């Protein structure tokens, strides 16, 4: 062991407080330090994950009080996998935006990197924490960073997107607090494991109402259907890497929160079916909205929402195969959708409105970016031999094992819709003539490195899924074993 | 139309919420083995902090507070980022009419008292109601008063961010020191002393003082940033 | 449940808190002005905070402070946990409100209006 | 050995792609090598015995061949090699060579992979690789990508997803992805699964085989792809659908009582496909489109044979599959050659190429004869067997349908030959040269095999026989071909041979003697020469006989043609898009509305909480 989970939170916080001071010493430090912090977090998470996969979960106590009293962090195979993924994506996003922001003034650059780092830290906190109120705090950290990053460009529409996000986020925190208080008033504790072990004593009506408030609150962040009005706007108006961060990081953390509530804390059997229901509705509404989009990033945003719906469906199966498939999809979605956001934002770099038609004929000017976008598009619709295929296969296999033929058919039909709109864009890139007004912008070296890394990952996972499935199996087994989680947290003698 | 729909929706929501909370009941303990009893007991026996709320905020759930301080910090940063203008675009404060001499001299008198009150509140956070957040807010109101009274009163931005950063670093640093001494983050590693003494509670008052500084500096920063915004 | 007598005041606090939440939500959902929406949202926050504190209340309870010369009986003390949580919630609410107001300023700067119905460039 | 072949293919594809940056000749050589080396490795080293197992992502994958897939591999690799030689010359001086070569090799690899797959997952993987690589070839020209290309991919995806659904359903029942496990357990499955699984699988295969309601992608895709590729697209790739159908029809459906209905329905769909394909082919003025529709029709015959499923019918279907690969491959290559030399493939424009491109003509002629089912070419043998099997199994109505379609096919056969090669020479095409050797030789080789199979069908009937025995046919008989009247014990035609050769003689006489004579007697006139008839032709009246000469026939069948399935699909797609457009209006852009949605969501959940949780 080289560290403990609490360092995931403390080191970035220290760095965040330090950055304004460091910026006074040497301006370049405000860019470099977040990267170093993220790199450190990645090393830490990989090490811890290795440790956890062999020796079992790490439960970290804070302030020396054993779990029902103090706050604790749980780094298990499941949360550890997600943390590693989130931090890895965060590092890539940092590398991608390292030069991206060079043309911006010092002050905004400082704030951008600080907020980006805190966005990632907040997500990591959501995943690691073992306390429902602490999770609320981290959700708010993520939220505020998200609002600010969405409004980062001083253009006309970014503030609008950010305001919508903030409005919904604010309502979300209201419901989250209500839910937390209903739970607290019944069991007198805020620790997840403790609540889970006492859940059977709560009257069902309180359970259900607090669950409804929870799902509403976190559903806003996790972009489930009627609650996701902010998402397309925010994805569209945020800077490219931030869109990737929303798709690859924030949503993942929120889905983790939903899953933790459904699988571990609440023992509502209807919650699983409910996940399937809202997942399907989200999938259908988002994918059908995506096909008619005129703006590239907006299309990607809807596609991302749809993918998360699919993840929700997989989680809703409630079987270990389902969880495995969902985690696999989360992984693939993080990689592929980030690649699409990265390459997509270069394809329409100099455009004001980011219309899809502005990607016409870009393959001649940006061959590598175009190729990577096409690779991402092929991968996300699940064509073999790319990464997306394996997750789709495992998802469908899990669904078939749960006898959900109708859902399989629905998911596959929606996949055809998805295929159509991605192919249309790829065709435009390769086979149309360039619009007169558009000016291609060559990707910077950093951006290219990041995109190629992601593309390589797609191929690696596509050709050799075993590289990742071992971890995923352990992670899904870890999530399914609710008793073990409670035992690990509550029987801590530290 | 929209209003009616919203009223119906909110009515339903309110009905269910009210029903739930009325059902939960008011004014009596709802549960038997809650953490609050342990808190009330340990704050006296282990932490020697007479204000249980403080011991919860700073020690039992100190991690929340760290996050909370971060939220404030982020809000200030976000504010700066959202309202950012290039230097030459930043305008002077617009003042409709200047304050009368009664106000100016009055606030000059009041200002040290307000600051002192704030400091008192956060220094005694572990003994009496109050604490870092409350004290910090009081300090910020002092600055607000000065900023409102004097058109060209300015706060040194560097000092503000220095205070913010150092206080934050101190908070996290104390937490890390606890990690090194006691094995867990934010561990109370200093001998707690005697209950109801000013110097009691180990690191708790120290952390709360840091929080007080940080909150004061950040709220002042927020006020300062927004005041310098022309519509 | 304590059903031996019906004490209206018992329910007043919950009722008021929920009413404040609803009023705030109404403001946020119906009012056209961005400022009013932000005010609505912070009213909601206040309502929630009141509700949280009310949950921890104990009839005839004292503040959870062990001051000298003061009957410090832990059993008669109100629940300190919701109070601690409220502290956090207030601060977070403040942060969000500050950001929201900043965004309103930005929106006004670009659109020249505070009417939310006129600020919908991003749709569909 | 099995996987090495695939690795060689894949590595070759990548090397070829990147070699284009260095040297074009190197790229050509690498391209040929990466087709030919694995192909020869396949025939030299791959036997039914060696099986390669692999566990990937927790799924057991297995590669190996059997007698049936060997037969189809013969088609794929044989035709693929010929088309590869042709492509080298065809692609000279064209852009996107690396792209073409890459996808070409990848398609061949995918098809080989499909044939090697012993489990459904690797089958599906290779199937999808085949789909997207062929899609990339369909849009190679950059023409109609948003219509034709998308249509092809959407139909392929619908098929593939139907197949995927079947695969996961099978896995949920069997717990295994192996095809043999499926075959073994299929008779014991519940009845609804016995219906669902074949329907889904047949949908998947039916798309690639362009069976009737799923055929609408084919004309566009076949004619849009480069001709060098279309020859394997139509000749080999569509046979993958046939291969799958054979497995489903024989290995699964012949063991369950519902199989009877499946067979009848599939056979009739094949018959209708044949008729519709033929009628549409007649109407075309573009050779590519004509051949595309003709491919649909020919695949219809094959499907009829497989659908009927008696030993003879199955043999007829498989034989036709081989022969179709030969002649349709040749014809597409020929059109490619003509298009390359003249720049167009429209009958209205190109005429009288017989003396300019004689070898292309010879290859086309043999293939057309084979296509039309005239002795002594391979097509005849196949059709004869098909008729015979239909008659012996009492499908008289189907015989009429097939017969109608075959007869009508003469019209477009004639049109093809006459349109390009015969007729008046025009000045515009005076300088047209014969295609390069590398293009002509593959055509001639392929057409030679068409001819050879007419006389010695036993060459290919033996592998077919082996394949069918592998599937479970003819365990009591040594040689299935003995069930047909036209063969002797060696598998060669006997009964009709005297008749055949006299027909050949007459035919050759007409072909060579009369054609040459007619040339000598022709008075060369321009198309606008008034002496051609009593009236002065108007500008738009083309005097080439290949155009619109079957007007009366078309008028007769017009009611059938008017109901294009394509229109319904387009209408459905447009309707759906309009619906989606309407649905996304739910995102009004007003933040307050979104907030109201949140409250609505909560309230709905609260109201229905007893049902939901």
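Letters A, B, C and D mark the chains in the order given here, with residues in each chain numbered from 1 onward.
Convention: a residue touches a chain if its C-beta (ideal position, glycine included) is under 8 Å from a C-beta of that chain, and two chains touch if they have at least 3 such contacts.
Model, not experiment: these values are computed from the prediction.
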{"item": "Centroid comparison with chain A (C-alpha atoms), farthest chain", "value": "D"}
{"item": "Between A-C and B-C, the pair with more C-beta contacts", "value": "B-C"}
{"item": "Central subunit by CA centre of mass proxy", "value": "A"}
{"item": "Gap in Å, rounded to a whole number, between the CA centres of chain C and chain B", "value": "16"}
{"item": "Gap in Å, rounded to a whole number, between the CA centres of chain C and chain A", "value": "29"}
{"item": "Chain A-chain D separation of Cα centroids, rounded to whole Å", "value": "44"}
{"item": "Geometric centre distance via CA averages, chain B-chain A, whole Å", "value": "30"}
{"item": "Numbers and ranges of chain A residues touching at least 2 other chains", "value": "133, 137, 140, 144, 147-148, 151, 154, 159-160, 162-164, 167, 171, 178, 185, 190, 209, 232-233, 289, 292-293"}
{"item": "In chain C, residues with contacts to at least two other chains", "value": "21, 25, 28-30, 37, 51, 55, 81, 85, 88, 92, 95-96, 99, 103, 106, 119-122, 124"}
{"item": "Where chain D touches two or more other chains at once, by residue number", "value": "584, 587, 589, 591-592, 595-596, 599-600, 602, 606"}
{"item": "Touch-based graph of the chains, sorted into line, ring, star, complete or other", "value": "complete"}
{"item": "Residue ranges of chain C touching chain D (in the complex, touch as defined)", "value": "25, 28-30, 37, 116-117, 119-124"}
{"item": "Parts of chain A lying in touch with chain B, wherever the complex brings them together", "value": "6, 9-10, 13-14, 16-18, 20-21, 24, 60-65, 68-71, 105, 107-108, 111-112, 114-115, 118, 125, 131, 133-134, 137-138, 140-141, 144-145, 147-148, 151-152, 154, 159, 162, 178, 182, 185-191, 205-206, 209, 494"}
{"item": "Contacting residues of chain C [partner chain B, same complex]", "value": "1-2, 10-11, 13-15, 18-19, 21-22, 25-26, 29-30, 51, 54-59, 63-68, 74, 77, 79-81, 83-85, 87-88, 90-92, 94-96, 98-99, 101-103, 105-106, 108-109"}
{"item": "Complex contacts: residues of chain D adjacent to chain B", "value": "596, 599-600, 602-603, 606-607"}
{"item": "Touching residues on chain B, where the partner in the complex is chain A", "value": "16-17, 20, 23-24, 30-36, 38-39, 42, 59-64, 66-68, 70-71, 73-75, 77-78, 80-82, 84, 86, 158, 161-162, 164-166, 168-169, 172-173, 175-176, 178-179, 182-188"}
